[in-house]
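In what follows, subunit A forms one complex with subunit B and a second complex with subunit C.
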Partner chain A sequence: MSAAARIVLVLVLVAFPLIGGDFYINLASQIFIAALFATSLNLLVGYGGLVSLGHAAWIGLAAYTSAWLYLHLGLRHWITAPLALVNTTLIAGLFGWIALRATGLGFLMITLALSQVLWGTAYRWAAVTNGDNGLSGLTRPAPFGISLDGPAAFYYFSLTVTIVAVWMMARLVNSPFGAALRGSRDESRRMSALGHNVWLVRWLTFVYSGFWGAVAGLLFVYYHKYIHPTALSLTSSAEVLLGVIAGGAGTIAGPIVGAAIVLILKNYVSAYLDRWNMLLGAVFVVIVIFMPDGIVPGIRRWSARLRKT
Partner chain B sequence: MQFWIVQSLNSLALGGLLFLLATGFSLIFGLMRIANLTHGALFMLGAYVGVTTLKFVPNLWLAALIAGLLVALFGGLLERSILRRLAGNALGQVLVTLGVSFIVADFCLIVWGGDPIPIAAPTSLQRPIVVGNIAFPAYRLVVLGIAIITAIALHLLMERTRLGAMIRAGVDDMQMARAVGVPVSRLFTTVFCLGAALAGAGGVIAGPIMSAYPGLDADMLPLALIVVILGGVGSLLGAFVGSFVIAIIYTFGSALLPDLAYVILFLPMIVVIAFRPRGLFGRRST
Partner chain C sequence: MTPALQITGLRKAFGGLPAMNGVSLEVLQGERRLIIGPNGAGKTTLFNLITGDLAPDAGAIRLFGEEVSHLKCHQRAHRGVARTYQIITLFPKDTLEHNIVLALLGMSSVRWNAFRPLAVETSLCEEARRVLGLVGLERSATRMIGEVAYGEKRRVEIAMALAQKPKLLLLDEPLAGLSLEERVAVKALIAAIPRDVTVVMIEHDMDTALDLAERITVLHYGSVIVEGTRSEVVTDPKTHEVYLGA
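Our next item is the complex of A and B:
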């Protein structure tokens, strides 16, 4: 992206709440959360070659931890947020240790099974999670005394967090560690032969990805002020994975575009008819068969061809 | 005492059902390297097709057979028309099966509605078996019997027939099997249909115990996955042992610690993955 385009993008994002209505401001906040979440999954899928079907675990765990601490122990947000992040990251460490005993399809199946275990527990462990009713009565934090209850305030808050998070993840990808990660994806044997600890590179990425997933989880629960087991469901993991793949795994812009498309599609479809799951499935099939590289690499190839002629 | 006996019998029945589901998943994965995430949805589709079939044919076993055939037909179409196009692209295949599972689940919701539909056990099996002071539903024992017979039949198929020999060859070394003239393409479709048929018939047989409801697929798929992770991919014995281990843990977990039944499922998985990443009876790593 050229410098001019970046400046225009930033101006548009900053000015948007001044022009758009509340509905669109809220939609944009949700897109930021989805984009952050998809970017964290992209670290594994796109750069590590590790396709996880259990990424919803991090949004759910962070949201439930924060909500439970707030409701049951009465802790304030500035304590619940770091505790939720620490708790989720620790569990990501454990899950990563288990799931990375395998790669490829085995990794996918184990992450799926682990997140389904959490999903089932969220439904059944009613003493903690309030079961199918979910946890409600939550509030948004007020950092530095600024209330986030208005749509515009929350918009700027989630925009800031998302930009910082994406920047931090892009830094990891472009660092020597990121190069080692991509190496472990493409040529894991050679990387081992060169003296890299491939397992450790993958595990650290898994934990880092889980951490940013947890950040997305906090934004998620602050936005909705409510958390339900469906946040942990396979559908939820599938939505974010679809965003990554549809947009273009292994690019920074791809998952952001993909997550935005999936979220907008879901919002509009849910408003008119109750068939989101069927559409989600159909989009999956179509994308995998006809556009396996994703939208952003597709557009890049297309514009490169235009420039040549 | 009575609690332990009844729960043990319950877990054996659940183990039988899990075996019908997981063995197909394991075979398909072992041979074709496809993690067929539609499998839970095929199980549910089977249960619902059974519901409709029972309106015309008042016999549960016949309904299970018909549902098994129809689900096998669907599985064959899926394999031939979509999965085949993505040959060699393991990730694409697993994502497509995930997409199809959402479509099938939503289709069932449209056609059969959101309320659970009970399926009655055959009248002759509705009376409980009474031994001493313990009464136990006869149907569950029959389910266990069906699973054992299926396991023996599959074992004979795998070990004693030409088809089985070809499947074993494919699981062990696909390229070599192809080179010596095993018709791998036809084999894939056969195994996929077989796995789908077992799942579909299993759904009907599960009906009197679980009934047909939306979400049956999401409840069963993780159990099947854990069975396969535990037992090892492509192993009949692994699927059999894994099914009963998971069923026992899940049943007693649900009875003793209902809140944490799912967390308890997690433990055998951690132990097995930590010490035997290939699963108990797996021949090669996933």
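Our next item is the complex of A and C:
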């Protein structure tokens, strides 16, 4: 993206709450959270070549941990937030250790199974999670005494967190570590022979991805002030994966665009259609037919072709 | 002086089919060793066992006196083992320079840095260009692997291994598929490798590589049939029986 385009984008994002209505401001906040969440999954899927179908684990774990600590122990947000992040990251370490015994389909199935364990626990362990009723009665934090209860305040908060998070992850992608990660995706045997510890590179990425997934989870629970087991469900994992692939795995902009499309479809179409997943599926199929590697790489290729002719 | 590579009683079977049948061999430091044998003799399997790509069923592998059988592939690379592949194993969507940079990163602690842009590491890029210069490809540094000719890919294979500054270099059919002129160039390249690097080379075709090696090992059905100097091996009737006579 050119510098001018970047400035325009930042201005639009900053000015948006001044012109948009509350509905759109809230929708934008949700898009930021979904974009951050998809970007964290993209580290694994796009750059690591490790397709996870259990990424909802991190949004759910962080959200439940934060909510439980707040409701049951009465801890304040500045304590619950780091504890939720640490707890989720530690479990990401454990899950990664288990899931990375395999790659490919095996990895996908293990991540799915592990996240289903959490989903089942959230449903059944009612003493802690309140089961199907979910945990309600939550509040949003007030960093530096600024209340985040208004749509605009929360918009700026989630925008800031998302920009920092995406920037940090983009740094990783362009770093030597990121080069080793992509190398491990493309030719893992060669990378080992070159002295790279492929397993450790993947595991660290898994944990890092889990950490940023947890950050998205905190934003998620702050936004909704409520958490329900569906956040941990297979549908939730599949939606974010769909966003990553539809937008363009292995690009920075792709998962952001993909996550936005999934969320907008969900918000608009679910008002008119009960089976909105069907439409999401159809849209996904159309994208894959015309742009097999996703929207962002597809548009890039098309515009390059246009410039040539 | 401890040998660079000492293998004793190495065995490996793939589902009951023995590929390595109790191979023992010793390569001295600085030696140029040629391993020949017909298809399916176990030459590449031997390399995969030395680098750690495969785990042996039995036997020991010592690198410069250290038993390495329990070490992982990347740990052996850090002990000084580098290899090239018979089937080109490069990163086709990356530039030649980036391929070499990945090799350099493997030996550098910079590879754990997840925050600084790789582009800032100019010393890595300079070193990569110097290594590409060794194989005569400095002009193609910014081209994609997928765009360059087969012969150039073969040279990048060797350049990547050289970038690792190995103590033991394993070359798996470095001349395979090359034209006559390219062979001359790559042979000169191999001949120019400094003497502190031990080189073990697999060649399918004996004639092309004979003059590169001091000692030759003939493998057949996972066993060492003949081993000795060039003239010893060439005159040995067993060599003719399993290999040249075929």
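By definition in this document, the second predicted complex is superposed on the first by the 297 of 309 C-alpha atoms of A that agree within 3 Å, B and C clash if a C-alpha of one lies under 4 Å from a C-alpha of the other, contacts with A are read in each partner's own complex, and residues count from 1 in each chain.
Keep in mind that, in the parts below, contacts are C-beta pairs under 8 Å (C-beta built on N, C-alpha and C of every residue); 3 or more make two chains touch, one makes a residue touch a chain.
As the structure is a computational prediction, the values presented were derived from the model and not from experiment.
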Which superposed partner A:Asn277 touches (first subunit B, second subunit C, both, neither): first
Which superposed partner A:Ser192 touches (first subunit B, second subunit C, both, neither): second
Which of subunit B and subunit C A:Ala127 touches, first, second, both or neither: first
Subunit A: partner with more touched residues, subunit B or subunit C: B
Subunit B versus subunit C as contact partner of A:Gly183, first or second or both or neither: second
First, second, both or neither for A:Leu234, with subunit B first and subunit C second: first
Subunit B versus subunit C as contact partner of A:Val117, first or second or both or neither: first
Which of subunit B and subunit C A:Leu172 touches, first, second, both or neither: second
Contacts on subunit A seen with subunit B and repeated with subunit C across the two complexes: none
Contact footprint of subunit A on subunit B as seen in their complex: 29, 33, 35, 37, 82, 85-86, 89-92, 94-96, 98-103, 105-107, 109-110, 218-219, 221-222, 225-226, 228-229, 258-263, 265-266, 269-270, 273-274, 277, 285-286
Partner subunit A, residues of subunit C touching it in the complex: 51-53, 72-74, 77-78, 82-83, 85, 89-91, 93, 98, 101-103, 105-107, 110-119, 121, 160, 164
Subunit A residues within the subunit B interface of the complex: 51, 53, 98, 101-102, 104-106, 108-110, 112-114, 116-118, 120-121, 124-127, 233-235, 238, 241, 245, 275, 277-278, 280-285, 288-289, 292
Subunit A residues within the subunit C interface of the complex: 171-172, 174-180, 183, 186-187, 189-198, 204, 208
